[in-house]
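For reference, chains read A, B and C in written order, and residue numbers begin at 1 within each chain.
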Amino acid sequence: MNALSLLAEKLITGKIRVVDLTQTLSPDFPSISLPPEMGQAWPFRIEEVSRYDERGPAWYWNNFSCGEHTGTHFDAPIHWVSGKDLPNNAVDSIPPERFIGPAFVLDCSEESKKDPDFLLTKPFIENWEKRHGRIAPRSWVLMRTDWSKRTDPVEYQNYDETGQHTPGPDVEAVKFLVNERDVLGFGTESIGTDAGQAYHLRPPYPCHTFMHGAGRYGLQCLTNLDQLPPTGAVVFAPPLKIRQGSGSPLRVLALVETQ
Amino acid sequence: MARQPYSDIAVAVPVTVPYVRYSVRSAHWWLARALDGLLKQSKLKKSDIDGLTISSFTLAPDTAIGLTQHLGVSPRWLDHIPLGGASGVVALRRAARAVQAGDADIVACLAGDTNHVDTFRLTLANFSQFARDAVYPYGAGGPNASFAVLTAYYMREHGARREDFGKLCVAQRANALKFEHALFKKPLSLDDYLAARPIAEPLHLFDCVMPCAGADAFLVLSKQRARELGVPHCSLLGTIERHNAYPSDPIQMRAGWALDRDELYRQAGAAPADVDFVQTYDDYPVISFMQIEDLGFCGKGEAPQFVRSNTFTHDGSFPLNTSGGQLSVGQAGAAGGFLGTVEAVRQLTGASGARQVKDAALGLVSGFGMINFDRGLGSGAALLSRG
Amino acid sequence: MVEPLQKPKRKNPVLRTRLPTLPPGSRSRVALGLTAAAAQGRFELQQCADCAKVQYPPREACENCLSVRLSWKRQNDAGELLADTTLHHSNDLFFRERLPWRLGLVRLDCGPSVVAHLHADVRRAPARVRVAARLDRAGQAVLVALPLEETPNMADDRQLREFTCDPKFRKVLITDAKTALGQALVKSFAEAKAEIIWAGYAEPWKKFPGFDELRKIPQVTLLPLDVTDSKSVREVAAEIGGKVDILVNNAELHRAYGIANRSGVETARAEMDVNYFGLLRLAQEFGPAMRSRGADGLASAVAWVNVLSIYALANFPPHGTFSASKAAAHSLAQCLRAEMRPAGVRVVNVFPGPIDDEWNQLLLPPKVAPQALARAVLGALSEGIEDVYPGDVAQEWLARWRDNPKALERELST
């Protein structure tokens, strides 16, 4: 039996479970905010075209609109200035095999609960590897914070007068993952791959700067990371094929082998 | 230049098509009945009628000319006289001059209106541009509101009391009880009058005319022709007509009669004291007060005292509105402007039956019409004599 | 003296809501001059340019000299009530439901006699009065005689309330409480004794300055509302739409760009989404319930206020796309006005000059303080005004625009 037949059989028999890592797209889901004088991404909006009525008697459908970086979404290298000149840096040109990869799930949920500004550090990763093994090349590293369990948008966004407070990686951690572990990309449950206060890091927004600068990807607004094992899951994260797209909302699925 | 006298002008054949409160018929029906009444009573043929005047509020979209085809008549002289309460007097004097000049031999003067359940409101809402712009949106009280304001002012200025207005209403009801076509059949006491519900203060129910459907008509022709036909008739002695008199008066306390009454009496060769009865236009009693004053029966502001010292019944002192007036007969739209004229002809031809004014030889008919904005615009009067 | 208005009893939700009726609304074209002035709170009558005679009712030619050069001019509003009446009967449904009704004939000092509605504090004739032109529920001008001096509880007069949109005891929605204007509006409505004030705020995850202060006002309920989100507008309308008596749409997106100094359409589209489509969404979701409640007792649905901009009349190029979105909103507000009219719900359009806020930072004064603008909105509601131009800049632009719109276009483009 070849590997794909085996996969198919295990999916059918439930030996392999599919975990949906995607937030539902809805206008209620928080959207990213930039200073008001800057250009703004559209939040997700949906308008009914018809619903078995005078606008279309037998059918129901909607128009929706949103920015590329809305809901659970994918960041391509071209999104950041550091990745602007790389080859295959947009969602339409990234080789498709890059959209599938093993997942290493770093559980930072306790730390993030205690400190919403928690920064994932290189020592934290090294410590994690001592328990779970070395992060393999071409893998997704997913930072589990249980941030997705904050269903109240106010708590999820966690703003105060100094801006947003959400966890993320620090500079050294990102450099380590890129340079020494050759990861495919980095994923978070909060609204950015960088921490809420990452503007104050040096350089600012290290995850965007170094991941995209090295041709790696980002996933954000993930959910259900608590249903993944630390190692062993496979993540499917293919964005929409938008010409020269910088990212896109997408459905992120993980395959998990049951015991 | 002195006006030409009316020579040899007869007014005859008073016709009333019995009034009803509401009618499902159109104004055309009522006008047709009126013309038919004229022919039946005079034994004329339709083709003998060569002049026609039409007064109606509810004939739209037709006017007099459309009605000629409707009724199948071919007059050589036609006038549309939508002047409301002034219609009777104005039709009379227009027709008289047509006959006198030979433009027509026999003029049928018709007035008629229908009254559907919603007719009155529609008439008010679209009565005139000024009414639509500047009166109807203010409570849509119609003439009740306009006359309430005039009555309130008159009472304050001249010391009139409700009892004074009531006295006229009560006397007219007594007259109406002897007129078979009056819609009000019950006696009215002053206590009834005073106890009635308010409509537009100071006006109460019996101060306000009741809209209804009906038609009235008469013929104007030469006396010689009348004699040949063998129809009882009276003579036209004098008339006046005036529109928008005293426009700078801040509120209406007088109308064109005050301006023209000397001319009326001069033309007729008569004086107020010679008059045996008066038919005023009486949709509200205050306007009868003004006519009594302006036509010279008492001084300005003296009508309350005049009312207190007269009885106004057909058999009393100063017989007034001897068929009951509109207040007791009903106001059949523009036919309301004919009510006094046909009653005057009846009185002067001895046809008023139980309400006959004894030895009535000289009668005065007065008309008043068209509350265009804040006041009635048209006024007119005619003096008619027996024979 | 008018008795102070008593707080209406709570509505019994199982009883039928009375359907709105309107006073007679038909007018000749020339009479609409009275309406045009009243819509801006002015009492104007036609005056002859040749002989100076003041005319009433409105005419096509001078009653005195037959000149057709009649123009609408402000007039001395003083006069004498000659006679008055109280109607206990009316031929019209609207008034029939509101009897007794008081009116009278007033001789104006400037000449003509006019029929006018009477405020209850006007004494029986003869009495000195001042006459104001007010819009009635049909949106047409009528004349109202008021006492010469202010009287206590004057705004509470039953008849006068038919011509105004007094917020007292009414329930108000302010669509954006995040801005200084929104907060000034909330406070002004609270001072005007509004019964409930719903204060909307978009992006509820961003706490805004003043939030806690608003929350302390007893009548205020803060609720998430984003006029760019049809779902949000629909849900809020489903929750409170059947109760809103006055809706103030002050949600606004304002960026200071023309065409050339901002590439792309995203900013302009965002302005349209809030300023134009926001109004459309609100109108579609809140309009029907408000229309059905135009005669819902003492605290009926009564007004819809749009905070537009004087730039809606003529484009201010440095804020060019914003101006365009406000022009679009103005046009839509005219449509809304036509659709709300059958219910007697007044659409009040406010055309302020530059508001003293962060987006007008670089504009030179004078600018309208948010508090002053809020006062102007409340004033318009209590005076029954339909088009409001608050602030010196708006007044000046309006004057220039009325005089010569082309000239204003040139002046603004330099």
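Of note:
Simple rule for what comes next: contacts are C-beta pairs under 8 Å (C-beta built on N, C-alpha and C of every residue); 3 or more make two chains touch, one makes a residue touch a chain.
This one's a predicted model, so the numbers in the text were calculated from it and none came from an experiment.
Common neighbours of chain A and chain C: there are none.
At the far end from chain A, in terms of centres built from Cα atoms, lies B. Across all inter-chain contacts, the pair with the most C-beta pairs is B-C. Chain centroids computed from C-alpha atoms place C closest to the centre of all protein C-alpha atoms shown. Inter-chain centre distance (chain B to chain C, centres taken as mean C-alpha positions): 48 Å. Distance between chain centres (mean CA atoms), chain A to chain B: 93 Å. Listed in rising order, the residues of chain B touching chain C in the complex are 120-121, 124-126, 129-130, 132-142, 144-145, 148-150, 152-153, 156, 197-203, 247, 250-251, 373-374. Taken in their complex, chain A has these residues touching chain C: 26-28, 30, 33, 37, 39-40, 43, 45-48, 153-154, 156-160.
Those residues of chain C that touch chain B in the complex are listed here as 23-28, 31, 56-58, 63, 82-92, 94-95, 101, 103-105, 107, 113-117, 125-126, 136, 138, 140, 142. Interface residues of chain C facing chain A in the complex, by the touch rule stated above, are 203-207, 226, 228-232, 255, 264, 266-267, 270.
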